[in-house]
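Paired with chain B in one complex and with chain C in the other, chain A is shared by the two complexes that follow.
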Partner chain A sequence: MTVLKPDKCIDLRGTPCPLNWVKTKLRLEEMEPGMLLEVVVDDGAPARNVPRSVETEGHRVVETTRLPDGVRVLIERC
Partner chain B sequence: MEQVYFDHAATTPPREEVVQAMLPYLRGKWGNPSSLHHTGSRALEGVERAREHLASLIGAQPEEIVFTGSGTEADNHALIGSWVANRNRRNHLVTSSIEHHAIHHTAAFLETLGARVTYVSPDEFGLVHSEAVRAAITDETVLVSIMHANNEVGTIQPIGKIGAICRERGVLVHTDAVQTVGHLPIAVNDLNVDLLSLSAHKFYGPKGVGALYLRRGSTVASFIHGGGQELGRRASTENVAGIVGLGEAARLARQDMAAESAHVSSLRDMVLRELEARIPHLHLTGHPTQRLPNNASFCVSGVEGEGLVLDLDAAGFAVSSGSACSSGALEPSQVLLAMGIAPLIARGSLRVSFGRTNTSAEVERFLELMPAIVDRLRKLSPVAAC
Partner chain C sequence: MAVTAFTEEQIERYSRQIILPEVGGIGQAKLLAARVLVVGAGGLGSPVALYLAAAGVGSIGIVDSDCVDISNLQRQILHGTADLGRQKCFSAKEALESINPDVVVTPYPVRLTSSNILEIISDYDVVVDGSDNFPTRYLVNDACVLAAKPLCHAGILRFEGQVTTIIPGQGPCYRCLYPEPPPPGLMPSCQEAGVLGATAGVVGAIQATEVLKLILEIGDCLVGRILIYDGLAMSLRVVRVERDAACPICGDSPTLAGLVDYEHFCGLAAAEEQEYE
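Take a look at the complex of A and B:
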């Protein structure tokens, strides 16, 4: 696990695509550049789609960690 | 002639910020929020941002917001959905005799389907007492629905107390907050409600969009059936631009509520104080202190409310009356009658409701005009005996 401490966290397990990405984007909009957002999503399509959309929008995926019941994505707001 | 608009309880002009927020969703971001592609996601973004703004305004979780086509639809959903989901074990509803038609006519419809409804009466100030609601609740009661503030006389109801009583009895609580959302600070947890209806156009948003707050875990059936929109609680492709407008109106209300409330309540107090001094036989209606900040309502003995509305309209002021002309006969307001006001007096009802752009100069002009208009109508009126 990373030692980086996120500034905000959201648990989006159970939230389907593309709503999980939209909710991630709304949180990122509220943050300052350089801040870290931790998002936990379901494994499978959400774990693939959310990081891809994050990078398409110009933010940085710092780390992806598989959890027993989901995937944790650490995002830097750019 | 530019008309001075003193009828904000009927509807409010959409704020320019609201219109500007909506326009991109009528042009470039016109996608279907349910679509998986980028065009759909851009529309979904607008809907979800609006959901968050509205949830913040009323102290709810975003997932507890169901967007609807109007406040009336939200009221229908609350009553019909609560009754349908629970009718096999509880078949009784409690409401008041001063609710909006959206509640009264829906309750009457449910009575035709076998529901039992109790209508609690208010006091002379239009206040529905929590103990009167407590007395009306039985073991069969599924839902209590009492409006947060009355649309005609502006009385604010003790919903927090009513909600607490319902909680003790395991009864669902709904409030029609169409007149208060965006105007009074609201926290659904303080109000102790499970359901709350609101409408965008009452607080500077667009028409054709409202919302139902639906507390997580409440047993309430869906009302409009079809697709899985709104987490399966309200089918139909979203009115994206309207919802975005509602969200922006909610954001602005949160930002400006305190200043606007202070402004309109000073105009209201000016009218209530001055009219009573200038016009004999004028009766203030509603509660002297527990009332909406923008609502001044009164009855003028010896005149018809409609006559006042029409004369004021000709003089450049838009106001409204509780009396409604149907089949050529003037019917006094059912709200005023339920408050115990005599029919002859209730026929002279007038409601003046202020908004953020009204000025004290406009109110001064109104106060100068009113005595002459009342004098003229009293001379013409067959019911002029005060």
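Take a look at the complex of A and C:
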């Protein structure tokens, strides 16, 4: 599906909004610009909210992939 | 970039402010490491200290030598009926630490004087003036100028309040605005003129915002500006003020050699008791 290898991965399935975004944001803060973070969130509201917050904060959503039990969001730390 | 490892509880507790782009985990770590001294656990000191503690300011010093009186409870929301007769700084410590166990409160059940203030403020990054008497206001201002500590000053009366932030070297100090205390009896105190409790809440919340901004190094503080709140008209006004090059404490050639204890000069009954608002 993709050749992009994330530098870090977090599984946030089961973590509700907005805590899933808070944890994503804290992880992004620890990374250097240009690094890739993969987060897996629940489908539904989390899959809509987390990518939106990522972009509002000035990072880039590289790709979003639907999984059988969640959504994988690949983020470039800007 | 090294970031403090937060506990799950801290991530949840501070989630609504970590979400803010201006705060984040980096800002939250600054708040937890910050040390703020609140002078007075009264009308202003109550909302200031409550919001600072809730935000996770890790070390808060509270200076107050008074005991909780029933007439305080209408506005001094750190204290409750069960605290009547207790020393305010201990009642404050209990209230603040019960809101947030991340916070350590150091109580100072003393009157600030020229001989103890510099040592007390040396342990803190930011000072908040929530006092209601001129001797303390001038002492706190002068000590903060001498020690180069940021100070958020406010005063309230009736339905009105004023706030300004003093960063020594970057703008005017309290003496640039008011070089000397007014003659005894000229200015009414809250005891004589009355005050709406919510006035203290509004103005104290503005002071807390200023302190949080100073710690986070965000936004524009009220340096060189006085914010004037009028609760009856429900208006806010900002007046620009300049540093006075002839200021006796922060001017180009300061004429005050050291700190001044104004107790006797100010001889107000309220001032003698060193009431805090």
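Quick notes on this structure:
Following the convention adopted for this analysis, the second predicted complex is superposed on the first by the 78 of 78 C-alpha atoms of A that agree within 3 Å, B and C clash if a C-alpha of one lies under 4 Å from a C-alpha of the other, contacts with A are read in each partner's own complex, and residues count from 1 in each chain.
Here, a contact is a pair of C-beta atoms (placed from the backbone, for glycine too) under 8 Å apart; a residue touches a chain by one contact, two chains touch by 3 or more.
Computed from a prediction, not measured in an experiment: that's the story for all the values here.
Annotation: superposed three-chain arrangement on chain A; chain B versus chain C shows a clash. In the superposition on chain A, A:Glu57 makes contact with chain C only, not with chain B.
Ranking chain B and chain C by residues of chain A touched puts C first. Once the two complexes are overlaid on the shared chain, A:Cys17 sits against chain B while remaining clear of chain C. In the superposition on chain A, A:Lys8 makes contact with neither chain B nor chain C. Applying the stated touch rule to the two superposed structures, the overlap between the chain B and chain C interfaces on chain A comprises residues 18-19, 21-23, 25-26.
Remark: chain A residues 17-19, 21-23, 25-26 touch chain B in the complex.
Of all residues in chain A, only 18-19, 21-23, 25-26, 29-32, 53, 56-58 touch chain C in the complex they form. Across the interface of their complex, chain A is touched by residues 1-3, 6, 11-12, 15-16, 18-19, 21, 24-26 of chain C.
On chain B, the positions that touch chain A within their shared complex are 36, 40-41, 44-45, 48-49, 52.
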